[in-house]
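Per-chain numbering from 1; labels A, B, C, D and E assigned in written order.
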Amino acid sequence: MNLLTEPIGVSHYLIVGAIMFVTGALCMATKRNALGVLMGIELVLNGANVNFVAFGSEYLRPGAVSMGLDGQLIALFVIVLAAAEAAVALAIVLNFYNNHSSVDVDKADELKG
Amino acid sequence: MATQTDDPRIIEFDVRTDEMLVNMGPQHPSTHGVLRLVLRTDGEIVSEATPHIGYLHRCAEKIGENLTPRQWIPYTDRMDYLAGMNMNLGWSLAVEKLMNLELPEKARHLRVLIAEMNRIASHLVGMGAYGLDLGTFSPFLYAFREREKILDLFEEVCGARLTYSYITVGGATADLPPGWLQKCEAFLDQLRPVIDEYHALLTTNAIFVRRTAGIGVLSAEKAIDYGCTGPVLRGSGVDYDLRRDGEQRYTEMYDGYAFEVIVERDGHYPKDHDYPPVPKTAVLGDCWHRFYVRMLEVMQAMDLVRQAIDRYSMCSGDWGTPVKLTEKLPKGDAYMETECPRGQMGFYIVSNGGSIPLRARARSSSFCNLSVTYDLCRGCLIADVPAIVGSLDIVMGEIDR
Amino acid sequence: MAEYLQQYLPQSLAYLTAALVHAVLILVVVALGTLIFIWLERKVSGRIQDRLGPTRVGGKFGWLQTLADGLKLITKEDLRPASADSMLFLIAPYVSLCASYVAYIALPFADGWVAIHLNVAVFFIVAVLGLEVFGVMLAGYASGSKWSLFGAMREAAQVVSYEVPLGICVVVPVLIAGTMDLVAIGQMQAGWFFNWFLFHDPFTFIVFWVYFTCATASVNRAPFDLAEAESELVAGFHTEYSGVRWSIFFMAEYSSMVVVSALAAILFFGGWNGPLPITHWLGLADSANPLAHYVANLLGLINFLGKAIAGVTFMMWVRWTLPRLRIDQVMATCLKYCTPIAAFGFAGAVIWTFLFPGGLVIPNKDWVVQEEYQLDEPQAQSAASTSAASTSPLAHADSGLHAEEHHGTD
Amino acid sequence: MEPINWHSVFFLLFALVGCGFSVAVLLTSNVVRMAFYLVLALAATSGLFFLAGADFVGAMQIMIYVGGTLVLLIFGVMLTARGPFISMRTPAGEWILGAIIGGSLLVVLLSAATSVRAWRPVAVAEGEARPTATRLGMALLGARVDKLEEPDPTQREGMSGYLLPFEIVSVHLLVVLVGSAYLARPKKRAVGSTAETV
Amino acid sequence: MDPVSTLPVLLGLAWLVPLASFTLIVLFGPRMGKAGIGAGYLATGAILTSAILSSFSLFFVWIPAYDMPEPSHPVAADSAHGGAHEAEVHDEAAHKEEHGDDDHGEQHAESSHGEHDGGHAHFDKPEIAGEWYTLGKFGSLRITIGYYIDSLTVMMFAMVTFIATCIHFYAIGYMHDELHDYVDHEVTLEDGQHLHRPGRFHRFFQYLSLFCFSMLGLVIAGNIAMVFVFWELVGICSYFLIGFYIERKSASNAANKAFIVNRVGDFGMIIGLMVIFATLGTFAFGDVDADGDGTPEPGIFSQVRSPENDYALVVPDGVIKAAAASEIAKGVEATPEQIQSWREDMEPGGVGRWAYWLMIIAGVGIFCGCVGKSAQFPLHVWLPDAMEGPTPVSALVHSATMVAAGVYLVGRFFPFFVPEVLLVIAIIGCITLFVAATIAITAVDIKRVLAYSTVSQLGYMMLALGVGGWSAGVFHLMTHAFFKSLLFMCSGSVIHAVHTNDMTHMGGLRKKMPWTAYTMLVGCLAIMGAGVPFTIGLSGHYSKDAILAQAMSFEAANPMLGWLFYVAAAGAAITAFYMFRLWFLTCAGEPRDKHRYDHAHESPKVMYVPLVILAVMAVIVGWSIYGTPVGIQKLLEQARPMGILTTAHGALLTDLVHPDEHLSHLEEFHVASTWYATLTGLAGLGLAIVFYGVRVLNPAEVANQFKRVYKFLVNKWYFDELYNVIFVKPVLLVSSRVADFDKKVIDGLIDTLAIGTRMIARLDDMIDRYFVDGLINAFAGWTYAVALWFRGAETGRLRQYVMFIVLGTVVLFILITFYLSAPLAPSLSTLEGRP
């Protein structure tokens, strides 16, 4: 049970990923600032990335089992796409700010049923 | 990037962000003393710049109503403290006009010599500080180095380095010391190559040109409307210089001096010297032109000083005797304008016959020049504000008095 | 070092001590470097401006002036504006310093003299240097001053833009070398000065200048020092700072200057290899004798530091000569000039390397295309064995389960 | 005493920092602090990547995610940082609802993460670690050097490379840049009363 | 001392002393001292005597006489072996040992098999069973006053008497109003005056004594008939005590409600008893030699789990025979072989299955009684109303002892329950704990919060027992008794000081009544299960951990029932939340009612000294005696019924697995559950602090936002209304209908015929208009309504959409994990299987 002496496994990474994922999802669900929502998305993606890297790591599991390079490659794509997503989202937020003079996502309910 | 458009109400924005109201000054490093500019900014874009003055007000004019004209001379020093000699001269001429004094020939040349020397010193400061406003430090020190030499010369003449009170009603407080003219000539000789250095460092520097050319364009009409004078007016292409176009009592001082008013005519500046060319991006009336006019005026002043030295040394006789400290003034009033480094400096005196004037007033050039900031800074970037204000070369002591 | 200490200490303590010693060593380099470079800056600027600079403190050359100033700054009151976001305000300088400090751990000072022998060192350093901007931005925001906020926004826009051409420029030497390992890149430029990547082909020569421009911009030096433009923004992001925290910003600025200059030295100027292969003539570099190797490295270190200092001095020269650009001009410089030129240089370097794999002067070099793990074995390994890399605990952490293998099973 | 496993220690350090600051992102209502905490959380994550042997991805994380994306985010924060938006309160009920739903999600994820035996720690022999940058680069160019021994020829001969996704992502990025530039394009706006008061 | 001979005497005495006190007070109560104050002293003295006797029995007789079982935590051993442990913890190497009979008490110390693979020594459960007196003998039916003593009995004695003593002392202080004429401000007479009546101090203590007697009798009872008698006696005492302020309408209603609701449960219990008697032919728990032939007749337990079967639960012969009655009537001889074949006939319609069903009916029947007594769902409604009684009663009867009797009985009867019954118990317990905990969140009456807390905790115990955690459940019963009585007494102290039950009128009392406030805090911490994980904790820490660990191991064995564990874990968070809500509302913050606050004062010493004692106990009761392994946990392991330490499988629900309790000590469950318990507790505490401690979030705002949920909880899930509609209203309705029948139907027949014709014509019209047209309209209307309803889901709120997504993910996860894992199993198993 001593975490300082025992090796680390995939599940440890998964726990970290899960916590990040959940906090990210909660950020998306609770923040009223559109940029806060955006940060939540980043956290969610990051949590997922942790999982990918963990599954692809050769340290945590022997080579034959791990996803190998695929894990890292997918993580890379996620990072790059997250950057793209952030750029678009920021543009949307700024546009939103221009139209509403606010970044409160609760104000964006024109499509309410 | 945002620039001014035809309709002043339309300003182009990249992204509309939060408007901010920021105070530039009165403790800001690039506001030349204690000017306070209230900027309304939208991101980096300034949508409004309102100058606020009065932080250096010392009631100089009111004090002038309690002192004799010669006693008030030191107060004029402290108005445009960068050009004290010119201030003294303006006031002295106004009082002399009231008293209808005639000065000896030698005093006239001495006054031209001293005033043009101070113009050089003043423009050097303006130039150096402008570099500082644009973010380069070294030209400032180069300019001050040369200015120090002028101050050394002045110190030899009157004992003071900043507040001279040298020129006074009726002439000057003393004659030039022996050997001074030679020193002065030597100084001018070594200044000439240094000027080229300045041109290399600033006038023709690519970044400097980018920062100044096309920025803060002041049209001739607007300059006239606002009452701008001096290099600011001439930088907008208006051919007006009091040394040539002023009152006769003043222009006769420059009788016989060969000089051409520094202003762009038909796309050219007077080709007295080997000047750097005007960059393509520069627009008449922009910061670069104002700066350039000043640089050329330094050359012009050097020329005038050389002429004055020649004439002065040829003159004999008195350098002019100052009037008594408590000399009675004739009843009446007089207004006199002179061409100071910053523009048209007017003094007005009203007397009811006593030795103390009833009114003493000054018309400041910087005040009018400053008033165009509101117009010039609309729609520029924050970084342009120091560039524009710096190109106007204001001295707050003169504005607030 | 950790192995050595382990003879006397428990394993965990030994590693901790070794890590601390390494950290302190780098900190000393940073702090001492800052002291020296600030002094140098004052001297250089003095000379440029026709004056002497500091002359009094510490003898004729005033070389203790920075120390005296530092002492003064430490004794100053640490002011905090009422409208500041106090936590971020207090943290921001350290964030700034951390970023430039961390970059040092992957920076080789001589052949194999590197705290951590990372195989993506170039990338790492560029990435970590990019983090310095956070300190500046946080400081700008947290000061609660509008001038600071302006500075921060300028910094954000500027640094993000300049990372693009900077990255492209850095990729060119990496492309030629075929590795991102700085030690390997340095080793490839051994020999005469024409082996330096600067002279590899005309494109690298161009790219170097772009790199230097972008590096100057990314470390906020004049004429790109918009974030602290004193004539416009009072003092930009550090308007509200005083005392120690202010000086920490300075430390960060100077140490990142050194890092980018050192990176330039390694990427373009052969790193620790002198213009003439003196160590080879003397037989020091190839000698099996560890002492000889050590001497060679010492010479390399001097070479390297000289190049880095030259780079920094060049930056100072630029600073004291040129006026500052305006923000739109800075962006235009980046997008209209630096990026296209860098891209052009990149493309050119690719083609050149394809046509003349050996570079400009000597067409046949033995290192032309090497797989990086091949490189690891003969050269890098031997380098690493003498270096701190294999002993640092961080290295252990990075290279997986060394510790596990060595100590976990017994 | 068992020798300390430094790998685990650093993992713990980074994991705690990462998770702690993620939670801090969630809890703070000040958007600038959120951004700062997010930076730290993501930086700690890159530390985790390094520990997992993904050095290139780790550096990438710092460079693009932390150095690029987040700077952009903070830039956005500052552009819209008008007083009331710095801290916006969320109604208490939504916190509760969020806590309940998020808590259950967390429990589900954690139980999934800890339930598979194959994911528990195993001792891996040393020497398997190799730098990944080159192999990643080759994979992005379509050649999988790590699959040279793959028995399935379709896997071996370039079918498993990432050239096409790489190209797609590149084009995607270009489109995104154009698109975001279009979205945030300059618009003309009249300045109301300020113009007339000269 | 020889426990076999001394314990029946000692405990018998301890049991009877309260009876004596009761008798004396009945006879001479009003004449005992001023206003009967002597009754209080007498009753207190009596229970104190009992307590001393019980403690003596426990510490000086029982503990020295019997060895503790070997350490039951296989953690070290397991980790040393390093292997994962599945169900094969026990091998079946049975091991028997006979002890000879002693004198009159027929005592059997039976030995267990129980060879743990970690190398544990076998262990025999010590028990003493016997009879004092035979009341009567009717054929095979013997009604006796018997006893069945094991360490559980002794401990219950000690616990009940100890707490009762504390409460008696406390009650002397609390009931002092009754020493003189009492004005009941809550009762207004017809003339508008408040009720004046003589004090009833003595009567209160008279009931208390009777209650103690009954409770102790219930505990020591040696057969199920005696249990039933005392069970009812306890019930009647409860009825008296709830209705103590009989003039109050609410009190008398509550008393009636408690009594009637309990009857519902007792009905089931009687069925269970009948089944047991009809099939097994005995009421006795243990093996007692009733006919004096030297060989004891087997009691219920040894019939169900006989040593011959290695104590495994086997349907007893008697049940088989009863199930096969028709076969036997046809003349089939019930030879052992035949019985065995019947027993194995588990086909639908087979005898074995029928017998098994009998076992289930008997078990569920017994459990019904426990549901009533322990206020389990759906019969939990009486307990909160029972708070109308004086607070010491609430503390003693309705938290610590009587309601625990249900749990005690389940624990006692545990060997008898087949896995299916246990599953019912677990589910009922789980529902109860969740329902009650949620109701407690919104309650504002301090005693009701505690009452619902009690219900919830009882649910925990039931859950623990139901998932096979015998010692976990009973352990929680013990610890809960201490801290819940403490909490009740604290609330009594508070009520005594501010004269209101409404928490919204309290606040800041910490400054006025420090003793009460801080002992209350200890109670809250204990119930929350505060502690340093793996190191030390308050009593609740240990018992809650044990329950969660068992639930977790149950989850691992039965993934489909995993929700039991998650609900329990969520319940732990809710528990911490409402307890600290209570504490913060009462003791912390600013006073909300200045007037009441100014009049508040610390209670007299006689009231707060018991608080302190109980607070100390609430802290230490989970620990073992320093330097020895002796502690409640060990004693409980000693009392654990034979044969339940095996993994049990359901016979009807073949997937159902009841894991061995030792499994819960595996690191896998133990560590995780400790973390769960700690973290959920902390989460609840954190929420309480956020809402009520530092008041970052406003609870009123939340209530407003979730108005429907809030109302639902405030109205206690509408149970009372529901029962009103289902049971009360129909009865009233049927009666009135019957009355109307005569009037309407008979008389109206003629009229109706006349009207009929007209009606038919109108009907035709109506069919056309409403049915044909209406069908079309209704269809359109439905479509429209459905669309409107769906429109509501489209709120336009980004954040709600995110919540929906997350919720959907969770649901999907749960569905896949628990219910759809079969299709995915192959892929998962391949994943597991890889090296």
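A few notes on this one:
Assume a residue touches a chain if its C-beta (ideal position, glycine included) is under 8 Å from a C-beta of that chain, and two chains touch if they have at least 3 such contacts.
It should be emphasised that the depicted structure is a prediction, and the values quoted were computed from it without experimental measurement.
Interface comparison, B-C versus A-E: the higher number of contacting C-beta pairs is recorded for B-C.
Chain centres computed from CA atoms place E at the largest separation from chain B. Centres computed as Cα averages put chain B at a distance of 59 Å from chain D.
Chain A and chain D have Cα centroids separated by 5 Å.
Inter-chain centre distance (chain C to chain E, centres taken as mean C-alpha positions): 69 Å.
With centres defined as mean CA coordinates, chain E is found 49 Å away from chain D. Among the residues of chain E, those touching two or more other chains are numbered 799, 803, 806, 834.
In chain C, 153, 400-401, 404, 408 are the positions where the chain touches two or more neighbouring chains simultaneously. For chain D, residues touching at least two other chains, in rising order: 3-5, 7, 9, 51, 53, 56, 60, 68, 70, 72, 75, 77, 79-81, 94-95, 98-99, 101-102, 105, 109, 112, 114, 116, 118, 123-124, 128-129, 184, 187. Those residues of chain A lying in contact with chain E across their complex are 1, 25, 28-32, 37, 40, 62, 64-65, 105-106, 108-113. Those residues of chain C that touch chain B in the shared complex are 45, 48-51, 146-147, 150, 153-154, 222-223, 225-226, 229-234, 320-329. Interface of chain E with chain D (complex): residues 84, 566, 569, 672, 683, 687, 691, 697-699, 701-702, 704-706, 799, 803, 806-807, 809-810, 813-814, 817, 828, 831-832, 834.
In the complex of the two chains, the chain A residues touching chain D come out as 2-27, 29-33, 35-36, 38-40, 42-43, 46, 49-50, 53-54, 56-63, 65, 68-69, 71-73, 75-77, 79-88, 90-95, 97-98, 102-104.
Those residues of chain D whose C-beta lies close enough to touch chain A in the complex are 2-5, 7-9, 11-12, 15, 18-19, 22-23, 25-26, 31, 34-35, 38, 41-42, 45, 48-49, 51-54, 56-57, 60-61, 64-65, 68-70, 72-73, 75-77, 79-80, 85, 88-90, 94-95, 98-99, 101-102, 105-106, 109-110, 112-114, 116, 118-124, 128-129, 132, 135-136, 139-140, 144, 146, 162, 165, 169, 172-173, 176-177, 179-181, 183-184, 187.
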